[in-house]
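The same subunit A turns up in both complexes below, where it pairs with subunit B and then with subunit C.
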Partner chain A sequence: MALATRTSPDGRMVTIDISGRFDFSVHSEFRKVYEQVPGAAQYVIDLRQTEYVESSALGMLLLLREHAGGDRAQVKIVHCRPEVKKILTIANFHQLFQLD
Partner chain B sequence: MASAPVILAENPVAPLSPFSILIADDDRTNRIVLSAMLKKDGHTVCMADNGTEAVDLFAQQQPDMVLMDVMMPDMNGYEAARQIKAMAGERFVPVIFLTAMTDEEALAQCIVAGGDDFLTKPYKRTLLKAKITALERLRQLYTTLQAQNQALAAHHRHLQRECEVAEKLFSTIVHPGCLDTPALKYLLSPMAVFNGDLLLAARKPSGGMHILVGDFTGHGLPATVGAMPIADIFYSMTAKGYAISDIVGGTNQKLKEILPTGVFCAACLLEIDAAYSTLSVWNGGMPDVLVRLPQGKEIRRLSSAHLPLGIVDNALLDRSVEMILLPTDTRVYVYTDGVIEANNPQGEMFGQPRLEAYLQPDRPAAQIFTAICAGLHAFQEGRPQQDDLTLLEITCQADLEVPASPEMTSSYTPKAPTSWHMALELSAETLQTLDPIPQIIQMLMESRGYTSIANVSTPSSQSCFPTPLSMVSSAWTPLSNMRHKALSPTIRNAPGGSPISHRAVLLSTCTIRF
Partner chain C sequence: MLTAFLKAHWRAALISVGTLCLQGMGPRPEITLGLMVLNILAWSIPLARLWGQHQVRTEENATLATLAPVSAPDVTQVLYEVRSTVQEEVQRIETSLAQAQSLLRDAVVGLNQSFTGLYTQTQTQQQLVVSLLGDMTGAAQESHSSYATMQAFTQATSAVLQYFIDLVVSISRQSMQTAYKIDDMVQQMDGIFGLLANIKTITEDTHLLALNAAVEAARAGEAGRGFAVVAAEVRRLSQHSRQFSERLGAQIEEIKTTIATVRQVVGVVASTDMNVSLEAKGRVDAMMDELQQVNGRITHSLHEVSTVTTHIHEEIGVAVRALQFEDIVTQLLGYIRKPLETLQHLVHVLEAMPHTLDSAQLRTLEATLAQLRPVAETVPHNPVAQTSMSAGDVELF
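Entry: the complex of A and B
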């Protein structure tokens, strides 16, 4: 499994762990994961186990942001490895997401 | 191209519908017995009593299956089977030999002659019926597959034709502009017919050049659809004299409107001034632009400072540009992530440090580009490319500036207005919000008789520029940190005419009042 989901007890916060390559192959699964929790207000994308982020994965993050309310979205991306952080920084995604 | 999955229209084990059978046997009793049995099962039957007649009947009636005796007068069953199989061509018509012969050689010969099965006389009816059913199933499967193959082949041809037309259209709209000037060297290796990377270059009417290097999420068709409006806006806005920050706004807003969420275009827009002495860069989501100062004394990195195009509205997009001075023989490298993310067989990436190593002082500047291309190729060791890959080298040397491209000079010789006057009044408030340069250039471009405004890049041509126009740009420049150009248009007439003298005539009568 490349994706694992944890939901907080009150169902407000969803954490998605992604391991290996974050690319187009997890597209439908990633979408299903956040659409399954309708009441969620906060999302955390944990990239501790992520080795590589493809440009289509950046697109998936934008889709999640839109799902979570666009400019009002609360999406946090945490535990990035330096090489993954670099890809997110080049795309200036810190302007759209909370990067830790 | 992905083929549609082959779906069998009919289930091959479903009960068989009746079909037509040709019986060839010189024994009348055999024919009558066999025919009665087949008719009882609902099949249509036609009969021949020798090989020649069997072949003729086959040609006339086109039956679905043949039951063939071997020993017949006139033409034996082997020869008849051969001719029937040849006539059937691509169609699969099962031939079952029914023969009294029992020696193995003769039976093997049945298959050699094109038969699909054989049965020795006297045969059991149930056995023959079973063989007929099995072969009919096979025949239907074959027919279905063949029809699907033909449909697929027709579909494929249709798609290919559409692709050719689309490619032609695409390359007309997304044309490379003035990429083929000595100042630029580039490597473009698309993964598909339509490239996910974009490389455009256009001369500015006031001299110098605009360049756009872009990289869409994904490859192929979706990227192509977005590339067309970008190219269109890039070329038309450049021709109208807009600066790159305006073009960033124009392309971003368009892409934001048309692209679905999740699809965007990382892009780098560059502006080189007429004298090739300054470079302005807007980098949104592309890898570091590398600037190698003469002799490799220093390598500067212009990092992405903005979101890629097509993600947020213009109101949220920072369109300010970074500007650097370019001493002569500076080299600038712009590339897409396909270059630094190219893999070797060990799964290792090419990476930016490896790329920068090629820019070190020990390497002569003229050899860098070729060395990077060769290095990239060797690094991948012939592995299939994973992503679109684009690499551009810009050499900053004013003497590399080439005269206007041939399409700018037509055989049409218009009568140019010899004396005219243009006045433009802009209040201080207007100047704070509006860039007057695109408007002035558009007015000049539209004045009858001038085929284009071409580049001037030498200091001498700037010196013959009339004071009022220079005043516009110098008075205006401090109002916005995005602008830094001295406006220096030449009005170029048809070939044969002298651009210099026309410019002198035109500009000397051109006044702008404040």
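Entry: the complex of A and C
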């Protein structure tokens, strides 16, 4: 399973763990995760086990941000590997997401 | 007598021999010049002494002449040797002096030309550096319609790359949005399939109902004849309806296939790896940073070169001023000529004298010497007061 979801007890925070490649093949599942928890206000994308971020993942993350309220969205991308963080930084994602 | 003289003044002789040897070593004018001056100085002391001794001896001879009859072949011989030695040395000094002056002149002319050339070259260098600095810092941008400074280039490249990155991200977002919409469409198509299944059930029910109605009409006989026609019509309609829903199903199936193809294409677009481009931007950024630093270092070095060139200019000015030493040295050499002329004159007097002297002749000699002495004494001791060549302290005379 490339994708796992954890929801906080109050259902406000959704954490998505992605292992291996974050690419087009996970897009349906990724979307389903956040659409199935309508009450969530905060999203955490844990990339601890992500080896590679494809450019389609950038689009998925942007659409999640829009779903979560655009500029008011609270989306955190955490535990990035250096090479992953480099890609995200070049794409200026540090200005749109909380990048750790 | 000559050997005795040379033995007495072996230092000067040694210097002469040494300088002659050194002169033979190479044609360097400044060395030759130095050696000439050294030679002159070396011989001036013994010659001065010789002159003094000669004076004393002449006076002694005069005294002797008044006391005793003059028939002294020894004295005459000595005088003869002194005369020839002095003449030889005077000539040698004269030759050296002339050579020294000529060499000095040539050397100074050469040095002047060299320094002038150096000055022009450094001036050109300074202009080049200033122009380069202008190019580097973009200070000359008013004169160039399209200035290409490193900074402007970096900024332009960065902007283009950023535009490209934004485009990549935007395409990715739109592709994913399209992919999601296609997913939605597939889902909606599945909904239509569900509805079609319902229609199929209704059609089958209608068909059965029509069949039932036909059976009932037949049982009713003549009274049900009209009803049997209606039942047959309903059956026919249900068959049409079934054919219709079957064709609709097939059509939707085709649409689903098409959508699957579109979804695949969008997937390929979204998956097209743009990371190479993103990483390229990172690399170009790093290179730009490095270029900027190199640019800064070059500008700094150019400023230093400019400063060094200014210093060289100043130093050349000092050197050109110092070259005026030629005038002073020429005057000093001229000053050395005067006593030499006196010496030469004395030699001529001595030459004109017979080998044996009577008292009258001795008196004539005495008178001539007395005439010569004031000439020697009126010669200014040193027309050049200058003792050092410190820059900016040169008086022209």
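Here is the rule we go by: the second predicted complex is superposed on the first by the 100 of 100 C-alpha atoms of A that agree within 3 Å, B and C clash if a C-alpha of one lies under 4 Å from a C-alpha of the other, contacts with A are read in each partner's own complex, and residues count from 1 in each chain.
One rule holds in what follows: a residue touches a chain if its C-beta (ideal position, glycine included) is under 8 Å from a C-beta of that chain, and two chains touch if they have at least 3 such contacts.
Note that the structure is a prediction, hence the values are computed from the model and not measured.
Colleague: Using the overlay on subunit A, decide if subunit B and subunit C clash or can fit next to each other.
Modeller: Clash.
Colleague: For A:Asn92, select first, second, both or neither according to whether it touches subunit B, subunit C, the two together, or no partner.
Modeller: The answer is both, since A:Asn92 touches subunit B and subunit C.
Colleague: May I ask you to name which of subunit B and subunit C touches more residues of subunit A?
Modeller: Higher number of touched subunit A residues: C.
Colleague: After the superposition on A, what does A:Met60 contact: first (subunit B), second (subunit C), both or neither?
Modeller: In the superposed model, A:Met60 contacts both subunit B and subunit C.
Colleague: Identify the partner contact of A:Ser28: answer first if only subunit B is touched, second if only subunit C is, both if each is, neither if none is.
Modeller: Once the two structures are laid over each other on A, A:Ser28 reaches subunit C alone.
Colleague: Among 59-67, 131-139, 203-211 or 275-283, which stretch of subunit C shows C-alpha clashes with subunit B in the combined arrangement?
Modeller: In the superposed model, subunit C runs into subunit B at 275-283.
Colleague: Which residues would you name on subunit A as touching subunit B in one complex and subunit C in the other?
Modeller: Correct list for subunit A: 24, 55-56, 58-60, 62-63, 90-92.
Colleague: Okay, in this complex, where on subunit C does subunit A touch?
Modeller: Per the touch definition, subunit C meets subunit A at residues 165-166, 168-169, 171-177, 179-180, 183, 267, 270-275, 278-279, 281-282.
Colleague: In their shared complex, at which residues does subunit B touch subunit A?
Modeller: 215, 217-218, 261-264, 266, 284-287, 303-308, 311-312, 337
Colleague: Of all residues in subunit A, which touch subunit B in the complex?
Modeller: Going by the criterion above, the answer is residues 24, 55-56, 58-60, 62-63, 66, 89-93, 95-96.
Colleague: Where on subunit A does subunit C make contact in their complex?
Modeller: Counting only subunit A, the residues touching subunit C are 23-24, 27-28, 31, 53-60, 62-63, 86-87, 90-92.
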